[in-house]
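Across the two complexes that follow, subunit A remains constant while its partner is subunit B and subsequently subunit C.
Moving on to the complex of A and B:
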């Protein structure tokens, strides 16, 4: 086993005590914290929802009920498909993609400026001021936006006070607050991979392109962006995954009429006490996330190690 | 690369807008913490007060709005958040370290798989990690009857520690991997040649080398644990942490006490960041000074040692501080001049609101007693109620019961 798994004999290399500590820690993490819970959740998502006492009894059997509920709705419903849940799901994915693209577009100029144009002291100042908002709780950041966007909030009060509007805009009702908040929440996870990737580009390449008569747009398209590709993929993946799985921001900012997909999971799980269905919906979310990561890796030909550093 | 002045100018504007987007909401939220009104706002500025940091207030209609100091649910939440943070640090730092060291010993064919499994938890949505942990431990607790395992499997704090350790270990792992990449293997070999045992090598060479990484992993782990919501909200069960308390407060309606809490956290963050930066710069300066000294000693001629005259330069930080001081004094004088601070102002505002409230009550009562309306004549009461039930925006701001 030793020669198969490790470059050197494991116990001899580390000493017995330390080797045992390594093995215990890693097995505890991989097996008990990562793998078994996921498999158990997968198992539960195929079971009927029964109270704890009835487990193992005749009513506890395997079924596709929860997945078919997601697609076709409950058995008594008249619609052909479960338009409510599918709508929430589709909207979540679609908006997350838009949020990711918006983040990329917003961050690219700043990342390029900090990495290549600004002088070092300004760059350091900008980086520190980028990090500070990131350490503040996601909920509290969303709350800050909520103060701005509420119907009696700062923006509406200002606009009506100045006389631009007679009545406030319903930012929360139309989910404008939610979209702004989602872009706001994870923008720094786009910024840092982008910055790191652009920073490693040799400035002589840009100079050379300029000298050879390339326009500024062309330089970015042909030199900077291809070089920054791993950073772009990494940033997009992180932002998309976090946005799809976001719960804190929608809880604070979404309008009462619309749901974000994790909120739907939360409802099945905590309000309706249907853990099996909650698990099934979680598995659906997980599958989407995995498909997204694999697609990004396939399209842009990067390895998983390059996505997270 | 020298862009034209126009592009530079546009870039400056863009950067300004970007940072305004990042900081504007936080600054406005911080200001609302000092407004004594019940709804966090700036424009109907009532009084300047610290009440949201202290005991809060009892509103004119009898509703109690807790401030920071008097809110026991918040205090309980902070305590359990601290316990969870400590638990997560003690579990995830050793796990991350072990996993990172073993990564250097795994065969190269297996390294990719091993690495992928290690970073997988970060890619899982947080809600899924929380749910899967709860589901598993509920089952385990169900199997064990009434004993110790059943208690522990339904203990929210214990489950939250496990669930958070699952993905925070990955962050620790990545920190250790980055540090280990610069490790010089010959140190280990030298120690072994000099007769150290393998265990001694681990404790005397590897752990001291990794100690900066241990410190930063511990800090990162604690911070991520402290501010996590998505995983915690599932795994905490019936307990409360700081984040779940905040979330339930926000859902019930927004209060300036939350602004006060946020401002406190922001202040702590900035102090920590500044201290860290100062310490780092000092260490860097010491390093460059020692380097310079070394160069000067080695330099053959006196050219390098010549002292250059240094012109007086105003540091950028001072200007910023001066600006803040000027604005603060201006604001303070304005507040004092308009009598917007202190008990008298608050009393006046409360009285005004109370009288308004009483007036409304009286109109309601008088409306109720009108004979014509009781006898089913023209039900013209709508205008008198201010049409509050016809107002479409009345309940739209309400966060719902989810």
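Moving on to the complex of A and C:
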């Protein structure tokens, strides 16, 4: 048995010690950090919410009540559906989609410029200046944006100070600060897959298209974008997933009247002490996001293998 | 429809580096014209200047007597075939070929019709739905040509497109390119560092070195009457014999070298005077082992060092008294079994087959 394992190509290629390290590390990561917590949450989401001491007792049984709460609301509610939670959920998905699209539109020209137009030293400078702000913690970056966007913040003070506006714009109230913050929060995860994908395109392809009479727009549409598609999908997937699950940015930047879905989950876990319902909401978010991404991949005809390339 | 292409005093600089310097050349409509030179000589830069990817720093590019300055590559009546072909891997063969029509808004049926016509021209009928990666090297080559020809350009520019092919295919593609050019009857401007390619396909060639044109002419003219030592040694092989001019007889000059005196032919535009430092060139195939009754103008004593068998030819490497090296080739049909390493023999060559030029650097230096 031992011999059989150690004669596998994986062991021969990496050597025993390294191979064992890889195996143990990957198994640990996958089992302890992915499978067990997710299954625990899945299990929890179908159980009644009872104090730890009552676990295993007669009050601890399997139920769909948390999922039905998400859709129909509490049993005593008068509305047919849980419009509040469904609304937060729908808005989170919808805004995340817009944030992803905005990110793509914003990053594509920059990624193209860095990959194909800028000379190497300018490209390096641009990449470094993209990365440096992200040395600062996400929460702090959100607070920085809050300072910029606050009603008496830097931007409003400037605009009213120079006399462009009589009154400041309510960036936070209208969630403009939140959307900006969300777009900015994961921009690198769009930028780098895009950059990598575009960078690998042979410049002759672009020149050939041009030489054959193609306009810039058409060259992008027919040559660059199809080539960069795996990078685009990969960037969009990551940005969408992370935006949908963002917590720090919405906590700092969303207006007092609106909630981001992860904030709702956070409330069930930490403020209402209802881990079961929090788990159910998390599972709903996870499943809907995954279905959403898979649907998008189906629509744009991308296979999962291409994305991880 | 073909067009004349004229480069008038074209220079292209990158910083202080001249990639092309004062290039003047007129390519006639319908001609197969080659720029021949070693890598880095500026030939690709010239091609990019003609296609519009590179604006000349000085001078003008004229196509059909029309100044092309400020006109982008997508607006010029030229089509470029890239060294790596740059076929679009995500499109089918037909889509590749019809791309230039697609960007001009030609209808789908029209595009299909034209693609089929071109597929026929390149002998790939019925293969339009294949993906590019399913084609062989030679087929890709032909698709690239068809794609470039789809909008009926007046000038086709080719940037060493055969360099990636193996020898046999390369030789076949030479003939095919030449045939396609005759059939479509447009101007072909071909860039290559391979003198064999240039000589076999072209009507005329321009030899380039370090950004400057060394010589323009018909292939045999350039081969037989090189204007500079660079051309003499870059186009085909040549043995240089260094010395001083000691006498002039009509169009011939006598050169005194460390190994003896030889008579060689001067070029009309490169007249020499007595005392000039010069080089006489004699090609390996113009050096003969004299047989009874042969009487050559020039005789040269050599000591055979080694030889190699090339197939149709046997190449001998020999040294002269002074230590200078010389190469000569004998057709395989001639029996040379008596000549081995270490033999001392006398070679002969005709003064009419040897050119003498003012001293300058060679291509092989």
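The definition used in the following text is that the second predicted complex is superposed on the first by the 270 of 309 C-alpha atoms of A that agree within 3 Å, B and C clash if a C-alpha of one lies under 4 Å from a C-alpha of the other, contacts with A are read in each partner's own complex, and residues count from 1 in each chain.
Assume contacts are C-beta pairs under 8 Å (C-beta built on N, C-alpha and C of every residue); 3 or more make two chains touch, one makes a residue touch a chain.
Everything numeric here is computed off the predicted structure, so don't read it as measured data.
Trainee: For the overlay on subunit A, clash or fit between subunit B and subunit C?
Mentor: Once both complexes are aligned on subunit A, subunit B and subunit C fit side by side.
Trainee: Could you figure out whether subunit B or subunit C reaches more residues of subunit A?
Mentor: Looking at subunit A, the partner in contact with more of its residues is B.
Trainee: With the two complexes superposed on chain A, say which partner A:223 touches: subunit B (first), subunit C (second), both, or neither.
Mentor: So A:223 only meets subunit C here.
Trainee: Check whether A:284 is in contact with subunit B, with subunit C, with both or with neither, and answer first, second, both or neither.
Mentor: Neither partner.
Trainee: For A:202 in the superposed arrangement: first (subunit B), second (subunit C), both or neither?
Mentor: After superposition on chain A, A:202 lies in contact with subunit C alone.
Trainee: With both structures superposed on the shared chain, find the angle between the C-alpha centres of subunit B and subunit C as seen from the C-alpha centre of subunit A, to the nearest 10 degrees.
Mentor: Angle at the centre of subunit A: 90 degrees.
Trainee: Which partner does A:210 contact after superposing on A: first (subunit B), second (subunit C), both, neither?
Mentor: both
Trainee: With the two complexes overlaid on chain A, what is the closest approach of subunit B to subunit C, counting only CA atoms, in Å?
Mentor: 6
Trainee: Of all the subunit A residues, which ones make contact with subunit B and with subunit C?
Mentor: Shared contact residues on subunit A: 207, 210.
Trainee: Over in the complex, which subunit A residues touch subunit C? Could you list them?
Mentor: Residue list for subunit A touching subunit C: 202, 204-205, 207-215, 218, 222-223, 226-227.
Trainee: Quick check: in the complex, which residue numbers of subunit C touch subunit A?
Mentor: Residues in contact with subunit A: 51-53, 72-75, 78-80, 82-84, 86-88, 90-91, 99-100, 102-104, 147-148, 150-151.
Trainee: Can you name the residues of subunit B that touch subunit A in the complex?
Mentor: Subunit B residues touching subunit A: 1, 3, 7, 11, 14-15, 18-19, 21-23, 25-26, 28-29, 32, 39-44, 94-95, 97-99, 101-102, 105-108, 110, 112, 115-117, 119-129, 131-133, 135-136, 138-139, 142, 162, 165-166, 169, 174, 197-199, 201-202, 223, 227, 229-230, 233-234, 243, 246-247, 250-251, 254, 258-259, 261-262, 265-266, 269-270, 273, 277, 316, 393, 395-400, 402.
Trainee: Using the touch definition from the top, list the residues of subunit A that touch subunit B in their complex.
Mentor: 4-8, 10, 12-18, 21-22, 25-26, 28-30, 33-34, 36-38, 40-41, 44, 52, 55, 106, 109-110, 113, 116-117, 125-126, 128-133, 135-148, 150-154, 157-158, 161, 168, 170, 172-173, 184, 187, 203, 206-207, 210, 216, 237, 241-242, 244-248, 251-252, 255-256, 259, 262-263, 265-267, 269-271, 275, 278-279, 282, 285-286, 289-290, 293, 303-305, 308-309
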